[in-house]
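In what follows, a single structure is set out as structure tokens and then discussed.
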Amino acid sequence: MHLDLDQLDRDAALRETAAGVPRETRKDFLLGTLAGGGAALAALVLAEPGKAASRTDVEILNYALTLEYLQAAFYTEAERRNALRTKLARQTTRVLGAVERAHVRALRDALGSAAVKRPFFDFGGVTEDEDAFIRTAVAFEDLGTAAYKGQAYRIDSPALLAAAISIHSVEARHAAWIRYLAGAPPASSALDEPKSMGEVRELVASTGFIVERPRTGSRAEPRFTG
Amino acid sequence: MVGAAVAVIGRGAEVPVAGVSHSLAAGLPERDPLGPPPRSGLAIPRPRLLTSGAAEITLWAPVRRAVAVHEAPSARADVTAHVPASTPERTTNIVVIAGSTRGERELWVPIRTRAATGWVPRDALGGYEAVETRLLVDTAAFTATLLRANRVVFRARIGVGTAAAPTPTGSFYVRNRLTRYRSAFYGPVSFGTSARSGLTDWPAGGFVGIHGTSRPEILPGRVSHGCIRMRNADILALARLMPVGTPVEIT
Amino acid sequence: MAIVRGIVQIEPQVGLPDAGICSEDGLEVRRSATVATRTDTAASRERFLRLTFAGAGTLTVGAVLAAGAPRGGLSGTSQARDVEILNYALVLEELTMAFYGRAVSGGALSGELLEFAGVAAAHEREHVELLRDALGPNARRSPRFAFGNAITNQARFARTASELEELAVAAYNGQAANLSKPALQAAARIVSVDARHAAWIRAIRNRPPASQAVDLPKTRRQVLQQLDSTGFVRG
């Protein structure tokens, strides 16, 4: 597969015409394919007006936020480290990173002060080796899809359910996309299975990617030259 | 005309099917009992590509184990320096990344060292963190300027080293942040840098710090043993803006 | 030095499904083994609960009842809504099943498109079976379809497949909030794969498989009107 750039631009133009949004510059051709999808329309409602979000919903949003932090950091680092060989992998990483970062912002905005802090990550070279990166990206996207599926039915707020469902199918697309890139079957079974929070947390922990913050602060007396 | 029609069909144009199609929508009542989807509970912003170029982002990484720095990405290349795992203040040592990782089965990372760039194995380092800030220290103009994404967000007048103990010039970075210590000499917050003063025999290695002062009246000027001093209000403001890992350019 | 540390296992590769016995649509279509007469509420409730997944995190009957009435509940009215929605979904799945099945048996596809159609056909067949099984006697009859050159012309096939998969995703997303919890769980397992199909066919067509941060929902009216405009549904 190669991304046909003319097609990217044309799709963007059609979408933007429909949305009445000014045309992106040529330089941002990839950005031009990315649409906020209702950002202008949707008000920031966490639940019914006047009602606080349920504890379940806050828990689920923070769980989703952690996974999105992980994916966003993974793609962002891969892009910054600039270690991917093929142009297709690089283009894909830029787009996937942009989308996951948008998901992070959306969840953080909705949670406000209740949002979990961004963890520290150590990807241990995986973002710097194309084969390891692709395989891990496949795992992450499959995992993200299963994670959303595992929680959707538990969400109390219909508005949040609508949001979660509309993100869930994007994660499934990502999974198929990165599998296609990897030469793996984009959809290997007729039905995708959910994973529980426990299963997902265990799998994420097993990667060792989430680490403690490095200790760069101290109360020691300064002994600089002065 | 026929030729044109064939050409159109060849590109995949629709050929209408004979017979009458059945309308599914026609069966719907005026008001569909299946209501429309609720408005999304999340406002998802438009995805943005990374805008910062290499000039604005600096990556740093914690040091996992003391390691030798090699001249080239190979264990057989000459060793040019050693990187300890801890700073004299016993914080985790960090290094600034100088470029792309190299290697196939073994990854090597270029890091900034005092002389130039050196190479360490990837597994000697922890996870990368990105900073958007840069601190520019001008020892002639006695100013410290903090840029974030290339925009000035902080400026202060500073004291620098005397002629006998000058502040070193070159490219360095902030390694740690000290707070809640007793000494008022250094003000409320101090930053350790990778910069070494020219003073020999200094305990704790002679590293240059950026800190406050109990004697603001002598600023600006050549007043210190190499450290960069500023008024306490300024160092507090800087501390809110400057994360560890920020590169420091001293001219 | 180990480059890869703690990589999560990915699913083993799965080959193409067996062709099975060919029927008119080029696919073996298994009818539900249980020919059900009109059943009581408890039995049809059971059927819906069979929609849930097995294994860890199963929403068992006990769990549902212990949790009290879940959103949508198990009352008669939400069950009627589930029936309406799943029947609506069934039209889409029957359509794509027939579309892919006939395209495969029609012999006009080759290469990646043929591979895609074969895999997708088998998936849609399972979606149809799942929905028919859940609906039991409440399942609507299969519509009749005619696809014209959408299954004999490769370019049109690719375009149409993309349009249909996008439509399916928008349709399911549009109904998520209307479904009971068990039905939502089943629907999510289906739409996830339809979304994969949607990305896959876009990739085959050299387009970005996912160009948006969210997949916007469509109302039933919008979806049915779009289906009508294809002219594929014949009765």
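The chains carry the letters A, B and C, assigned in the order they are written, with residues numbered from 1 in each.
One rule holds for everything that comes next: contacts are C-beta pairs under 8 Å (C-beta built on N, C-alpha and C of every residue); 3 or more make two chains touch, one makes a residue touch a chain.
Note that the structure is predicted; figures quoted are calculated from it, not measured.
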Remark   = Higher number of C-beta pairs in contact (A-B or B-C) found for A-B
Ask   = What is the identifier of the chain with the smallest separation between its Cα mean and the overall Cα mean?
value = A
Query = In terms of CA centroid distance, which chain is the most far removed from chain B?
reply = C
Inquiry  = So the centre of each chain is just the mean of its C-alpha atoms; given that, what is the distance between chain A and chain C in Å?
reply    = 25
Note = When centres are defined as mean Cα positions, the distance from chain A to chain B in whole Å is 21
Inquiry  = Based only on mean CA positions, could you tell me how far chain B sits from chain C in angstrom?
reply    = 46
Touching two or more other chains - residues of chain B = 37-38, 40, 44-47, 107, 122-123
Task = Pull out every residue in chain C that's touching 2 or more other chains.
result = 3, 173, 176-177, 213-214, 217
Ask   = Residues of chain A that touch two or more other chains: which are they?
value = 30, 34-38, 95, 99, 102-103, 106, 124-125, 129, 158, 161-163, 166-167
Ask   = What residues of chain A sit close enough to touch chain B in their complex?
value = 28, 30-31, 34-39, 41-47, 76-77, 79-83, 94-95, 97-99, 101-103, 105-107, 109-110, 120-125, 128-129, 157-163, 166-167, 211, 214-226
Remark   = Given the complex, residues on chain B that touch chain A span 37-50, 57, 59, 62, 88-92, 94, 100-101, 104, 107, 122-123, 126-130, 161, 165, 175-183, 185-186, 190, 192, 197, 199, 202-204, 206-209, 211, 224-227, 244-245
Ask   = Which chain C residues qualify as touching chain B in the complex?
value = 1-3, 81, 84-85, 88, 91, 143-144, 146-150, 153-159, 173-178, 213-214, 217, 219-221, 224-225, 227-228, 231-235
Residue ranges of chain A in contact with chain C within the complex = 1-4, 7-8, 11-12, 30, 33-38, 95, 99, 102-103, 106, 124-126, 129, 132, 135-136, 138-140, 142-143, 145, 149-150, 152-153, 156, 158, 161-163, 165-170, 172-177, 180, 184-196, 198-199, 203, 206-209
Ask   = Hey, which residues of chain C end up touching chain A in the complex?
value = 3-11, 13-14, 53, 55-57, 59, 70-71, 119-120, 122-127, 130, 169, 172-173, 176-177, 181-182, 184-185, 188-193, 195-200, 203-204, 206-217
